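Letters A, B and C name the chains as they come in the text, with residue numbers starting at 1 for each one.
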Amino acid sequence: MKVEPDIAIRLQRITKRFGPLLANNGISLVVGRREIVALLGENGAGKTTLMNILFGHYVADEGTVEVFGRHLTPGSTRAAIAAGVGMVHQHFTLAANLTVIENIESGTESFLRPKLARRWSRQRLCGLSSRFGLAVDPDALVGTLSIGERQRVEILKALYREAQVLVLDEPTAVLTPQEASSLFATLRRMAAEGLAIIFISHKLDEVRANADRILVLRAGAIVAERTPATATRDELAELMVGRRVVRPRRDPLPSGIPLLEAQGVSLHDGHQLRLDNATFTVREREILGLVGVSGNGQGALADLVTGLAVPTSGRLTVLGKPILQSDPRWLVAAGVARIPDDRHAVGVVGDMSVWKNAIIERVGTPRFSRCGIIRRNAAMMYTRELVERYDIRGAPLDRRARLLSGGNLQKLILGRNLAAAPRLIIANQPTRGLDEGAVARVHTQLLEAKRRSTGILLITEDLDEVTALADRIMAIYRGRLSPTIPAEIADARGLGLMMAGHWDETSNAV
Amino acid sequence: MSAFEILVTATFWAAVLRIATPLIFGTIGELICERAGVLNLGIEGIMTFGAMIGWLTVYEGGTLWEGLLVAAISGTLFGLLHGVLTVPLGLSQHVTGLGVTLLAANLSYYVYRLVLPISSTPPTISPFQSVTIPWLSDLPFLGPALFSQMPPTYLAFAIVAAAGYVLYRTPLGLALRMVGESAEGAEAQGISVAGLRVGAVVVGSALMGMGGAFLTLAAFNSFFFTMVQGRGWVCIALVVFGSWRPGKALLGALLYGIFDAYQLRLQAAFGQLIPYQVFLTIPYALSILALAVMSRRATVPQALMVPFRKGER
Amino acid sequence: MRFELREVTSPLLLLMTPIAAIAVSLFLCAGFIAVAGAPVMGAYGHLAKGAFGSAFAITETLTRATPLILTGLSAAVAFRARLWNIGAEGQLYLGAIVTAALGAHVEGLPGWLADLVLILSGGLAGMLLLLGPTLLKLKLGVDEVVTTLLLNFMVLLLVSALIEGPLRDPLAFGFPQSAPVSDGAMLPKLVAHARLHAGFIIAVVIALVVATIDGYSVFGFAAQAVGLNIRAARFAGIPIERVLVCVALMSGGLAGIGGALEVIGLKGYVTLDMSPGYGYTGIIVAMLAGLHPLGVVASSIFVAGVFVGADAMGRAYNIPSAIADVIVAVSLLIMLLALLFARYRLRWT
């Protein structure tokens, strides 16, 4: 048997099921040294599951994994690391209360050693840091680092353990476009030094710009292999989704009266200034888009407009009334629809039934309760209407809501909001983690609402989404808002600059 | 003797250390569990059982150190029970801990009554005696105050130093802290989260058992049912007070010892005017106060009480 | 080996789990009985007979169940909202001592009114006691487990000081107990020549009320949401702090009422040993009932049966009475395991 030393990873017929869901269906692939391979697929295609099997988080039901020609023990992260596989996870696996060097060196020395070899590990870290251009302060507490810095620590963690294969899961989800190109420059350097790089992404332009080979996954199987030279954007999109992708686009309408006005609004949180002097307006029949990399203050702004926080200075007016106290129920009653960014953890109480989640924002209103007792029949009837109108599938009314898939959960959340004919919609990352079909549906519903004179504040990290839907766009960076620009003049490059805090260069503040 | 004069006698400080010793064992034991991410509410019961079994071992002819050892082993067994139920099986840490406390405490009463029928005077053993350290014990004031303690007290201090060293200067301690701060992070580095957590609970519970045994083998010389009197719960408060750091936790235990020793002497002085029960409430009230002051400020291990299920979607 | 969430937890499974838990516990504790030198089957036979084997035994069991129903409800209400109230023991004693203190001064009132006043004041005492730890939790982030536990010890010391001092019964020959409640305020007996008193009926009625609130009211809905996912509840506009304070008042009040009923139902005075750990056993009762208020009635009768039966067993075979607590504590742990298997399926990978 001929050993091919340049083949880093060989997966053969990997299959993985989660209950009735077939996440990976007989996947085989090969990745060699010195190449950058992209796993492209929409949300739910099975990319993360596959890499988790490679790294030992999951055990495949069928199939084998070989690293540098040798069979890899399944289900053991330790074995994967020892074989030379390193992974940069989508949600960082770092301890905020420990320092950078503590995070990096934990687990690398035998427990029988009586003393940490701190001086040696520090030297090694500094060496790796300069070799690959990843600057970090070894003694900084991870909790104080920015997202970009934390990602560097994640990468250094893998390199410290002598990774020869580096897997990155949606690495640019939390980076500005400029930080993203810097990351890929670093990855190319690593590949040149002999590493094999695999990155997972659902962003078409990114994979075309940075990968040597593109593997397209759909519904748990590899459906195509392309190189950037041989694949157009539209072709890749179609391969990813399985049919022609048409996302709805905005139609400009004359805007109406202001529904949400913020004047110099700031939010202090103890010692931190989370939102700094924000001024903006959302009107009827328009969509105002807010783009930014997560962690730059969108959360604070979302908390303010959804009734979870009160401004520490400045004036915030919703539907004519100044916000002086935290009262989500008033907002709901007044006609504000709120779609949270974490639908599983915040949008529903997962262990409560579907019908209870359908009425949870309005449980105290006369429609669903009388004299403090719940009107169960009214609630059930309402939920049945929602299920039918919004095609919510997957769970009968009295089963736990957590059994619903991400897309159906979003249908429930949108449904309960839209059914009340809201005047203002706060949509926070409404399509995060959804497959193309669900994304198109959400966009259609938002545009329909806009035609019914609703005003929408769309908070998103997805540049494609904001350019397709929004009439006006602003960016947020470190708690400060950029000037608002009309959608006609917005492009990816300009928005990228704004997301990184550069907005004096852009033109036409509106 | 005036209220102030009490503070400057050597016997007072000797009492402080004697009172603090079981708390030191218990607090460090709980600290180790919580640093790994597991709340161990079994501490009160484990201390009770340790007190009983250590005493019983000596009563049946064993040496005092054998008694301490048996108490430690009993602690490891209850710790294993708590660890297995809460870590790989992921049961509620609160309720499991309460169940272990109720089980261990009542089992100790059961076994004691099985071996010794009810009598008007409880049987006794010869407890640890204070040892003199050459030269140090002869120092004025410091000698009788600090350096004429019973051997387990010195052991307690050694354990504090060992815990501090292991936690902050060894790979094992770093991995343990990692597990308590971010289980996913530890898992992604090939560290066995379940192994370390269960191990920490077992070791911590052994210390708790020893703390209980100190009560019957050193502080008193017999076992009675309301022996532990909430000391286990005080230890949990002391862990928070010490911000999950061994050195500060030791300080907390000593402060508690000071207040408890002080209130005992105040009782003797003012017992006619104020009911003695009022004085006895002081240590509990202060523990609650300590919690009220420290809870917001202390840096809690981020993964404390967050269950971790490997491979769950 | 992996756990997989079951699609649906069948109600039959939920009903079977406490029974299975208790059966397994009895099986495991057989070892402890054998060590005592007693024949296991004979001993358990005595246990069953002592608990339910005669009319008198049943009255004893129901009498012992009365305070357990209340402390069980107290724990169930609190734990469902993830408010870890371990202070029911103290709340019970405080309710009892307040009842005893007022009870000596209510001769003028008609019996039913006196009882109502005493029960409500006992409940109020329990409410106020739990309010402190709850506010510490909401405002300062202090874990309520330790604060409620330490308060138990403080309350017991307070009660001890009171019954040795201002509330002392001068006619009690040196035994520390409080002055008795006036005769008119004592609850009527349900069965002649037995200890079973009207407090049992009151407890069951209270359980029905709590069950109704829990399952049908907006407050019950809000408390359930807060217990299951506090972030989502806050987002949905549920007033978290208000809900938790109300839960605490309810929980503390229930335990306080338990203390009041014990005083006006049984002896009419308070002693330091009047509760053999009802507050803590209430937690076990609640868990065995799956935190369902109506289930609490059933599980408290069962647990009371274990205690009453163990007394009989102990007299027959010289087994220390602590065996009852051991059996009940083991059944708590088994119940937790059983709940796990009711919710999750075990898969071998």
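A few comments on the model shown:
Here is the rule we use: contacts are C-beta pairs under 8 Å (C-beta built on N, C-alpha and C of every residue); 3 or more make two chains touch, one makes a residue touch a chain.
Small disclaimer: the values here were computed from a predicted structure and weren't measured.
Comparing the centres of all chains, each the average of its CA atoms, the largest separation from chain B belongs to A.
For the pairs A-C and B-C, the larger set of C-beta contacts lies at B-C.
Separating the centre of chain A from that of chain B, both taken as means of CA atoms, is a distance of 45 Å. For this pair, chain A with chain C, the centres built from the Cα atoms lie 47 Å apart. Centroids of chain B and chain C (each the mean of its C-alpha atoms) stand 28 Å apart.
Each of the following residues of chain A touches two or more other chains: 59, 75.
Within chain B, contacts with two or more other chains are made by residues 310-311. Residue ranges on chain B touching chain C, taken from their complex, read 41, 81, 85, 89-92, 94-96, 98-100, 102-103, 106-107, 109-110, 113-114, 229-230, 233-234, 236-237, 240, 275, 277-278, 280-281, 284-285, 287-288, 291-292, 295-296, 309-312. In the complex of the two chains, the chain C residues touching chain A come out as 4, 7-8, 216-219, 221-222, 224-225, 228-229, 231-238, 349.
Within the complex formed with chain B, the residues of chain C that make contact are 2-3, 32, 35-36, 79, 84, 86, 136, 140-143, 145-147, 149-154, 157-158, 160-161, 164-165, 280, 283-284, 287, 320-323, 325-326, 328-330, 332-333, 336-337, 340. Looking at the complex, you find that chain A touches chain B at residues 18, 55-59, 75-82, 87, 89, 91-98, 102-103, 105-111, 113-116, 157, 161. Residues 169-172, 174-175, 177-178, 181-182, 184-191, 299, 301-302, 310-311, 313 of chain B touch chain A in their complex.
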